[in-house]
Structures are given as structure tokens and as C-alpha cells.
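Common to both upcoming complexes is chain A, partnered first by chain B, then by chain C.
This part shows the complex of A and B:
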């Protein structure tokens, strides 16, 4: 039962630590930078170590919040009981490739992507790819697959998409933050995959859209549910967010929720939320006190409201109003022991 | 005379082969240094060295926290590791014939070759995690220093042992003959004679530790702010380089080059400062 309400003391400086997703890192760093400018007493340190490492850090109580693109699974929920799920941004995963002489807009279906990543399609001019791109002269070079080596929410979303598109992939590999990849080269973090794809010819990999744009990478058009070829852009990923309904509550189970293959003629099929994960009772983190817990709650509130202004410039989609409403209710439910935490709106 | 010409030719041949080998060996080192200086130098400014890193784009910021963090880590690691390492070295050299000491020595050698990521992982599980069965220090300067000490101690211990073994026995005997006890002989005579070797070993170990990245990922995490306390994550130069080098942002990639140059300069200047500071006292008894 809530017995009192804490109000953050603005004169005391507060330090908060978060770790996790590299997918969310560009927009979260921009949010933190903007929040820091407005609220100089709250210093937030976010380290993009990968979603899996972030969730481990949350379970080990070594960080105040984690970020992950993969929602908590049953095993995680057991290790981090009463953790809340706060969708914080929406982004697309681009299928980036580096084939000399071939610009963006190579056409790929989910099935072909699954065949490439499972090693069934091994050359760029394989009939499966060529038949989708009849007016493109494809080289006969081998395809070098680049995937994540760390435990990754980006991999979780990507393999979730492949599992929906290819029965074979679903049966053999399924959806996970780590995969026993049959082919290819592992790289650390979204930035690592982007770096290897950009630096090596005849490669293909999956990266968050901002990494693809910042690196000026060539990206594939992917066939969506409506049968259209769609490039990953801010508009085509925003289209996936318009139809989001029936979200779980912040303290609910999100393990099967996804934004893949959403309806719409121009909707890009590989889109995901990236979540911030925090404990409902922040007193389980021994290095937090009422004051710093209140500062964390205020930052989270700011991030899902004002902070969304940072998204579009970095090709992330601002949260729709119905998601913000759920987030606000979740954030308001956070306590420190039995003390409610005041939010300055 | 033709015999002489052949021998002269052979001599010349091997001389030039030797020179060629040296050039081959030095070439990569030179090219690394040149690359780091050429790419790192343009980023350097007072602002770069003193400000916090920015998110990228127009606001790249600097590497102030990383420099500060690395110096703190080197200091803390030296405080923990050097006394332990030197004491271990003394034990191994002066009392090293016991079977127990021989086991110690081989374990120490194993530890020297230990992959640093394994050290980091062990410290993460035993010291960092805030769950039962772990010390629960969290991502903190002390956790990082403990991990780095595991790397520093065996190197210091081994080099200290070798340096102390080189001290002539006559000096020990002379000291004992004057009625000085063994512990006093070791501290006052043996250590001061072995000082040059000890300092070299310590410098090598500190330089090795200053560039370690793997154990830091799991123990200090990294920080975008200056030192925040002994129970908060800390920035460090190798971590900054590792993260920035992976970035897509050209400004942040340039920041990695700048940080790499600073890391080299930090190690180099540590080396020079310590050598200058200990030179006077090593003069008369240093090399015998």
C-alpha cells in the first residue's frame, strides 16, 4: 500500500545508469542529451551493450534500467520479477547489403532472406534472388552473411520475422536473441554489423534503420503483406505503428507481442518497439534512493512524452498516443518501497 | 683471396638480411603509430580532452571522462596490485625453494597467460553482480581495479622475482655478516639493488593493464560522465575506443582515433615520468 509520495529534490544531483539495446542507442542518447540540458542535476549514463546484456544487468541489479528490443521472456520474468515493460520508441530493421554496382531497392521476400541466412541461397545470382530482380545484373559471387555475435534484441526481432515468413526457418532456428547461425560472420552490436557490411563486399546483414542511414548503406525493398515492395523509411515504419491496438499493460506479459507484418499498402514488414525495462518497486536496486528513483520516473515520463521529439530526426517513429497513454499509466505505477513517486508534468 | 671475397659476400648478405628483418619488424609498429598520429592529431584540442562525449552528429564532444577514468583505474590497480605483486616476487625469489612456492610459481605463470575476458567474467560473477553469492560492488572503479589487478599481479610478481634473483648473493651475505636480519636485508639491500628491474616490470605491467578492454566491459561498464563515485560506473579510454570505433558516425570514429592517440601518450608519459622519478636513486646500485 502506498503510504506517502516523494517529490524529487531538484537541488540534489542524481546519477542513473542504464544498459542494453544498441537498436535504441542513437535515439536514447539524443533523449538523454536533451534531458540533461533541461535538467542538469540528473546525470544519466546509458551504455549500449546489447539487449541480452542489458536484461542480464537488470536481473543482476547492476543497472537502474535496461533497454531491449526483445520483450522479457518467461525465463527473464522469473529472474526479474515485477519488471515493467515500457515501449519507448519504434524503429525498422533494414536488410543492408554491399554489392558493388547495385544500389538500394534490391527486391527480397522474407522467404528469400530466410534462405540466405540459413545458407540455402549462397550466391548473389541465385535464381531465387534473380527472379525477383529481373532487370538487375547480379554477380555470381558468394553471399557473405553478417549477423550479430552478442545476445541481441535486433536478432530476436529479425528471427521473429523470418519465423513468420519461412516454415523451415521457424522449425530449424525459430526466434531467439542468440541463434546457432549455420553460415556467416558475427559482429558485435548494430554498429558492428553495419561496420562489417559496409567494409566488406558481397555482404548482407540486418541493422536498425538509423545505422543504415548514418552509414549510407544500400538497403533492400522487402515485400510486405499487401504484396508491395517497400523500402525501410520513416514513413513506411510509421505505417506499422498506426494500427497498434490491444497492447498488454506495462506489468503484463509482452513475450509474444510484435509489430511484424502489420497491415497497410506501404507498411514496412520488419518494425519493432524498443522497450525500457524497470522494476515496479525501485527499492530492489540498492544504489537507488527515493530521490534518485523519483528522478528516474520523471526521466521515463519525459522520454515517452517530450522526448519523442528526438525520434523523427533519427528515423525512429514517435509513439502513437495510445501507447503513450499505456506508458504513462505504467510509469505512474512505479514506487520506491511503499512510497509513490511524484511526476512533474 | 677469392675465399676472402666469398666470406665478405656472405657477411654482407647476412648483414643486409638482418637489416631487412629489423625493417620488417618495425614497419607495422611504425605504420600503426603513424596512422594513429595522422588520424588522431586533428581531433586533439583542449576542449576534446576536457569535455564529456556527445551523442554524435554536430555534438561529438570529448573524451574527458575516459582519460580521468583510465587514470583512476591505473592508480587503483597500482595501489592494489604492485604491493601484492612485489611481495609475491620477493617470496618466490628469496624463499622459492619450498614445494609450496614451486606450485605458486607455476600457478602464477598460468595466470600470466590467462585470457583477460575470463578474468573480467570471473570478477563480474563474483564481485560485480548484486545478487546473493556475489560481493555486489556493482559496475564500479573498484570492480575494474580488481579485474585489472589479476592481470597486473602475475606480471609484476614474475619480473620482480627475476630482478631479485639477479642480485648477487655476496651482497646478502655481507649484510647478514653485519648482523642484519633476513627481512631487513631483503627490504634495504636486495630491493634497492633490484630497483631498476622492479620498475621495468611494473611499467610493463601497467602499460599492459592500461590498454585492456575486455575485463572493463564487464566490470566498469563505461560512463558518459566524469567520475561519479566509487559505486558508480566509470569511463575508460580502451572502452571509449572500442565503442567509438564501431560507430557509424564519422565524428565519433574520429573521436576513437583521438582517444587511441591519448591512450598511447598516457602510457608513454607514465613510462617517462616513472623513469625520471626513479633514475637518481637507481644510479649507484642499479646495474651490477
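This part shows the complex of A and C:
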């Protein structure tokens, strides 16, 4: 129970550490820079080591917060009891390809994408692709699939989408941060996949939207729930978040929650939250005290409010108001032992 | 009581020497205990299986393709790298004047100082396109009926990885071979010339033959580097997994044990898949030790080292 409110000395210098997702890294680093410019007493160090490593670090209490594109699974929840889930940014995954003479907007359904990545569709002019693109002259070259070689939240979201779209994929490979890929070559990181797809003809791969835009890659229109062909853009990925009505609470179970295949005529189907994960009672992190815990809570509050201004310039979607409201309630519930933490709004 | 300097020196040397053995023992113990869960689950099929899926819902771990990938890429590195290195060593020790020898030796040794990630980046952004256009496409076009050259050339495959490794082992193999050749006593050369041997005969029949065990040792050190190389390989080998990683063709993406570990272990949050990567590390250690033991046996038995030979 809350018994008192901490009085914080604003001149105390505080160091906070976080680790995890590489996907959130560009926008999170931008948020941290902006926050530190405004709040020089707080130093935040975020290490972009991958979602899985971030969750392991949270479980081992070696960081004050973690970031992950995959929500905590049952096994993680057992090892990190009372961890809270704070959706912090939204991104889309583009299906990028490099086929000479073919611009963006090749039409692909989730089922065809699953067939390509499981090696059932091996040439670009396969009837499965051609029948969706009757006015495009497709070459007879073999398709080279490019996937991630490292364990990745991007892969977790992409294979989750394939599992929803294809019963065969779900049965054989399922959803995971690493997969026993049946075909293709692996590249390290989003930048690696983008590099291989761009440097090699007749390739197809999946990358975060910001990498596709920054590298001017050609991307597919994917059929959404409403039966429309939708290109990945900021607007079409933002549509996925606005149509979400029932989000779990911050202390609820998020393991089965996703932003895939959301309703809406112009909603892009492969969209994901990236989450910040913190303990509800920050006193379990032995390197934190009331002052630093309060600084962490203030940073989180700032990140889901003012910090969202950093998102759009980096091709991430700012959180819609309904998500921010849930996040604020979650952040306000964080304590240090029994001490409530003051948020400067 | 006075302790002599020799005694202190003996003790210090023994302790330092023991450190190497202790480190190896700790590494082996850690790898063995770390891989116990995966060996309990998969048993022998961890070493003989070809399926690989770290997804907790579909877990299966068979590491054979990565052993094959390691062996094939290292073999390419040796087949191409060792003759080149020997040529460099012979030129530097037997033929070149000192004005050329010094700068060239320096440049070759400088290759060893280039970090492997630089080789990897260069391989990924520059070298692979040359390999693809000037080597793989012709090989595939004219020799595509041979299984080793089947497939679609992309430049991110077994051949590119093997060539990068060949370049990376050149400094090690060539500088040790050069020292071995230079240690061959001059009377050997003089004797050979005096009975009318040409320079080619002197080098091939006497000098290289005299130093063969040392050259063999240099090649084994090169092999050690090729087997364990991680960063450069993972950037150009294509990193496929499971049956798709079996190196049936040189023009096919594959995976080595080291590149698999490098790509995945830091983010393996699931305990069983973490154990599987540790198990692959154990395989790598066993392979490294086997190579060294076999090399020792070959040097002492097959090459019949005689007294006075350069080792």
C-alpha cells in the first residue's frame, strides 16, 4: 500500500540503464537525447542488444528497464514476476523485393508470402503470384528469400503474421524470434536484410518500415482484412493502432496480443508495438533508490507523451490517445517498495 | 634461507604454463555442463541430425550441417590459401632481395592486423560481387553439371566464405613458412647447388622438403584460424539453417558452427536453444582439439621428423 510520496531532490545526478530491442533503438535513442537535453541530471544508457537479451537482462536485474518487440511469454513472466508492459512505439514491417523492372506495389497475400518463405513458391512468375498481378510481366527467375540470421523481434512479428495466414506455416514453423528457415539466406539485423535485398536481384525479404523508406526499397502491397491492397506507410500502420479497442492493462498478460491483421479499409496488416518492460516495484532492482526510480518513472511518462514527437521523423507511428492513456495508468502504478513516485506532468 | 632466482623463475614459469591448461579445462567443463540439457534431449542426434528449429513450440536441434559447413569452408581456405602462402614464403626466403623482402613481409603481416569484421564488410559490399560475376556465373554456366557448381550464383555462399578465409589465413601461414624456410641451414642449399641442382630443384627437393613439418604446422595454424573464424564468415556465408545449410554445392548459402553461435547466442532467451548453441561450441572445441591431435600424429609419424629438422 502507498504510505507516502517521495520528495525528490532535482539536483541529484541519476544513471539509468536499459537494454533490448534493436527495432525501437533509433526512436528510443532520439527520445533519450531529447530527454537528456531537457533533464541534464538524468543519464540514460540504452544498449541495443536484441529483444531476447533485453528480457534476460531484466530477469537478471542487470538493467532498470528492457525493450522488446515480442511481449513477455509465460516463461518470462515466471522469471520476471510483476513486470509491467508499456507499449512505447508502433512500426510496420515491409515486404521488400528487388526484381528488375518491377516497381513497388506488387500484390501479395499473406498466404503467398508464407508459400514463398516456406519454399513452395520458387519462381517469380509462379501462378500464385501471377494471378494476383495480371497486368505485370513477371520474370521466370528463382526467388531468393532473405531472412534474419540473428534472433529478432522483427522475425517474431513476421512469423506471427505468417502463422495467422497459413495453417501449414503455423504447424511446421510457428512463431518465434528464430526459426528453422526452410529456404533462403540469412542476414544480420534489419540493415543486413536491407543490404542483401538491395544488392541482389530477384530477392525478397522483410524489414522494418523505416529501413525500407530510408533505403528507397520497392515494397509489396499486402492484402488486408478488408480485402484491400495496402502499401506500408505511416498512415496505413497508424490505422492498425487506432482500431484497437481492447488492450490488456499494463500489468495484464500481453503474450497473445498483437497488432496483426487489424480491421479497417486502409489498415496495413503487418504492424507491431514495441514495448518497454519495467518492474511494478522498482525496489527489486538493487541499483535503484527512490531518487533514481522516480527519474525512471518520469522518463517513461515523458516518453509516452512528449517523447512521441520523435516518432514520425523516424518513420515510427506516434501512439494513439487510447494507448497513451493505458500507458499513463501503468506508469502511475509503479512504486519503489511501498513508496509512490511523483510524476512531474 | 635464500631462494635462488632460478627457483623463482621455475615456479613462475610453471604457474604461467599451467594457466593455459586450466583455462582449457574450465572452458571444456563449462561447455560440457552448458550443453548437458540439449544432449539429454537430443542424444546423439544432436551430432547427426540435420533439422534445426529453435522455436520453443517446434524445438529440434541437429547440428550436423554446421559441422559440414565448417569443414568445407576451411578446406577451401586451405586448398587456396596454403599454396599461395607457400609461394609467398618461398619468394621471400629464397628469391627476393632484401630491399623487396622487408616491405613485402611487412605488408603480408599487416593483413593479419586487419580486424575480421573489416574482411566481412569488404566481402559483403565489394568482394562478393566480383566472386559472383567473374567466378560463380562462369563456373555455373560451364561446369553446372557438376553438383559442386549447381545452384543460382548470389555471391553469398560457401565459395565466397572459403575465399575470404583463404585470404585471412595467408598472413599466418606465409610468415611462419617463411621463418621455417629461412631456418633451413645454408649448407643444405650449397650442397644441392654443388651437385648441379637448379634453383627450382633446390627449393622443391631440398629446402621445402627439409622444412615440411614446419610448413605443415603453419597450415594447421591456418586451419585453426579458418575453423574458428566468426565475424567475416557470418557476413558472407548466407546463414541458412537446417537441411538448407548442408553444403551440397559451393554456390549455396550455408552456415558454420562459429557463425551460427555468433548470430544467435546473445539473444537466445529460451534455455534449451541456449544450451544448443553451447553444444555447438562444444563441438567446435572438440573439432579444434582433434585437428591439433591429428596434426601432432601426422607430424611425428607420417612425416618422420628426423633429428635436426626444422619443426
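Brief remarks follow.
In this text, the second predicted complex is superposed on the first by the 343 of 345 C-alpha atoms of A that agree within 3 Å, B and C clash if a C-alpha of one lies under 4 Å from a C-alpha of the other, contacts with A are read in each partner's own complex, and residues count from 1 in each chain.
As a convention for this text, a contact is a pair of C-beta atoms (placed from the backbone, for glycine too) under 8 Å apart; a residue touches a chain by one contact, two chains touch by 3 or more.
Owing to the predicted nature of the structure, the values given are computational and were not obtained by experimental measurement.
In the model built by aligning both structures on chain A, chain B clashes with chain C. Legend: residue contacts after superposition of the two complexes on their common chain; A:142 is shown touching chain C, with no touch to chain B. Of the two partner chains, neither chain B nor chain C is touched by A:77.
Legend: residue contacts after superposition of the two complexes on their common chain; A:49 is shown touching both chain B and chain C. Of the two partner chains placed by the overlay, neither chain B nor chain C lies in contact with A:247.
In the superposed model, A:195 makes contact with both chain B and chain C. Shared-chain residue A:177: touches chain C; no touch with chain B. In the superposed model, A:150 lies in contact with chain C only, and not with chain B. In the superposition on chain A, A:15 contacts chain B only, with no contact to chain C. In the superposition on chain A, the residues of chain A contacted by chain B and by chain C overlap at 49, 188, 192, 195.
The touching residues of chain C, when paired with chain A in their complex, are 51-58, 60, 124-125, 129, 152, 154-157, 234-235, 238-244, 253, 255, 259, 263-264, 266-270, 273. Within the complex formed with chain A, the residues of chain B that make contact are 54-56, 59, 128-131, 136, 138-139, 217, 221-225, 228-229, 231-233, 243, 246-249. Chain A contributes residues 15, 17, 19, 26, 29-30, 32-33, 43, 45-49, 59-63, 188-189, 191-192, 194-195, 211, 214-215, 285-287 to its touches with chain B in the complex. Interface of chain A with chain C (complex): residues 49-53, 55-56, 75-76, 142, 144, 149-152, 159, 172-188, 192, 195-196, 199-200.
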